[in-house]
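I've put the structures underneath this note.
Shared between the two complexes below is chain A, which has chain B as its partner in the first and chain C in the second.
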Partner chain A sequence: MNAPVNGESPLKSEHDIVLARQLVRKLTQELGFSLVDQTKMVTAASELARNAFTYGRGGSMHWEKTNGGDRRGLKLVFVDEGPGIPNLELAMTDGWTSGHGLGMGLTGAKRLVNEFAIDTKVGVGTRVTIVRWK
Partner chain B sequence: MEKIPILRMGDFLLVTIQIDMHDQLALKLQDDLSNAIQQHASKGVLIDISTLEMVDSFIGRMVADISGMGRILGAQTILVGMQPAVAITLVELGLSLPGVATALNVERGMEILRRKIAADGTDERPG
Partner chain C sequence: MAEATLSTVLKKSGKDIKASWARDLAAAQVSAKGRISAAELEQQASEFLNLLTKVAEFARANDIGASDFRQIREFLEGVSRSRAAQGFTSDETATFIFSFKKPLFASLKAEIGKDAEELVEQTWKATELLDSLGLHTIKAYQKTREELINRQQREMLELSTPVVKLWEGILALPMIGTLDSARTQVVMENLLQKVVETGAQIAILDITGVPTVDTLVAQHLLKTVTALRLMGAEAIISGVRPQIAQTIVHLGVDLQGVTTKANLADALALALRRTGQTLKA
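Let's look at the complex of A and B:
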């Protein structure tokens, strides 16, 4: 049987964040990412997983091994049904936090990947999609 | 309860972070460290992260908080053993960790601390 090319992992506890990180490490290794690229994707995933857990009241991480032309990559989607982000421009500013963070999670994660998109709606939730190519 | 051991090495304290940190554990470590710094009048804290395969903003904040707290209590913090892939990623993430010095390994970290402390000693101003 072939290894699955997509899946889902819950983000309902701190421990789930650890498991999500381990899963992303494994997937990037399977895709043949360099150690630095693995670390970048794992770190971005850690930031977004923690946001979904901390601000989004928990959610899930969807993953997919994807092809773009002749490149292979990993796509991750972090979904929560939390309060949403009222001011996305502000949230996407280096150093801005509504809590006690460093305010580097979203902007930092964006810098660590090749593609980054946020879809958020107040009262509905937040969905962050990232892709990193090999 | 989980606990991160704090090792005393003369004037310094050594903390090795090996497991995945979470909020509760990070707070406990800060608490334990501030007690240990006061109890031993420690002049420096070495945080060994050589086994960490990733440092995100959560761990970054923990290190920054420990370093800030240490400074208030008269101890300097030095981060040792960061893996190259982690260092490269940290720069791109945008974490500069102001005021936190880094060193290749524990021995180098101790050297740097000794030198800093000696320099601070001669620098001291009255009042």
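Let's look at the complex of A and C:
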């Protein structure tokens, strides 16, 4: 039996964020990530899942075990159909928050992974893609 | 007089009404077997009939909010509470009142059946009164259930957040599991409260049991550290494992100025030194 290489999990509630974190923990373990790398990826996922839930009115997390050359890694895509981010440069500034956060979620997540891409459109939604290689 | 008639019927045929009501109740509550004793049910039925007879005689109107109805209201609230505790559903609880209608109406009919108009009026009045009492019972039941659930939730919140006194002047808060916002709030407030009560100088926030420290958790920790400082106490965060430390650095959260230790033992050793206490073997 082959374990699935991709999937999707909802981000509709506070509890879904917990489940998403647990799923990412499990996937990184299956991929043989070190404890530090597991923790980094789980923490980045926690940030982006919470943003999708808090600002994006909920959404989902898509995951994929991926190959890049001779490396294996985990790709996560956080998708929501919320209001989008009007000023991305500002949102990607350390310490800037439109709410009551620390304003470190997006920039912190970016520093915790190998690849980070954000695609957002006002009134349409936000999609954040991250990859961490083993 | 309307009320006089209900009261007359209750006084005259109370015994018969009760006998047939008790049979219906017993039949309706078969599923309730074992949850309530026959003696308890009998006792409640007698008391209800007593109180109803009293209000039927003296109450001016069918306004069960009035003070004349205080006794019967309180009695029904008591019944609701015990039913909720015994595990009855709200339907089963309300059946106690609503099943009184059938035998009562039968007696009303026997008494004033010849006067059709009067019978309709009396039946209507009795229906209104019993419906109000039934609704009051359901409301009381729901209130009890809500209180029960609230209490359980509070107990759970408190159970999972014990503040322990480690030493003279030293408290520890071992945090375990996921720190969602609602729980974290309670945890932190609880700790601050204990610091006030005990006059502790040092509080150790132990995050050994917290799998992920993200910006939300970090923010809660920082807020608590700040609050502790304002209260004149000092905070130590323990259980900062190597992988957590590295992640926090990359995340960019500034824990500078906050004393952190890898484990609880190191944190306690430091706290003892700071409070000028020593461990004797």
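Rule of thumb we're sticking to: the second predicted complex is superposed on the first by the 134 of 134 C-alpha atoms of A that agree within 3 Å, B and C clash if a C-alpha of one lies under 4 Å from a C-alpha of the other, contacts with A are read in each partner's own complex, and residues count from 1 in each chain.
The rule is short, and it goes like this: contacts are C-beta pairs under 8 Å (C-beta built on N, C-alpha and C of every residue); 3 or more make two chains touch, one makes a residue touch a chain.
Computed from a prediction, not measured in an experiment: that's the story for all the values here.
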(request) Using the overlay on chain A, decide if chain B and chain C clash or can fit next to each other. (result) clash
(message) According to the stated criteria, A:T129 is in contact with first (chain B), second (chain C), both, or neither; which is it?
(response) neither
(request) Using the superposition on chain A described above, determine whether A:S9 touches chain B (first), chain C (second), both, or neither. (result) neither
(request) Could you look at A:T66 and tell me whether it touches chain B, chain C, both or neither (first, second, both, neither)? (result) neither
(request) Share the list of chain A residues that count as touching for chain B in one structure and for chain C in the other. (result) 14, 18, 21, 25, 35-36, 38-40, 42-43, 46-47, 50, 94, 101-102, 104-105, 107-108, 111-112
(request) Could you please specify the touching residues of chain A with respect to chain C in the complex? (result) 14, 18, 21, 25, 35-36, 38-40, 42-43, 46-47, 50, 94, 101-102, 104-105, 107-108, 111-112
(request) Write out the stretch or stretches of chain C touching chain A in their complex. (result) 178, 180-181, 211-216, 218-219, 242-244, 246-247, 250-253
(request) Spell out the part of chain A that touches chain B in their complex, as residue ranges. (result) 14, 18, 21, 25, 35-36, 38-40, 42-43, 46-47, 50, 94, 100-102, 104-105, 107-109, 111-112
(message) Help me check something: in the complex, which residues belonging to chain B touch chain A?
(response) 20, 22-23, 53-58, 60-61, 64, 84-86, 88-89, 92-95
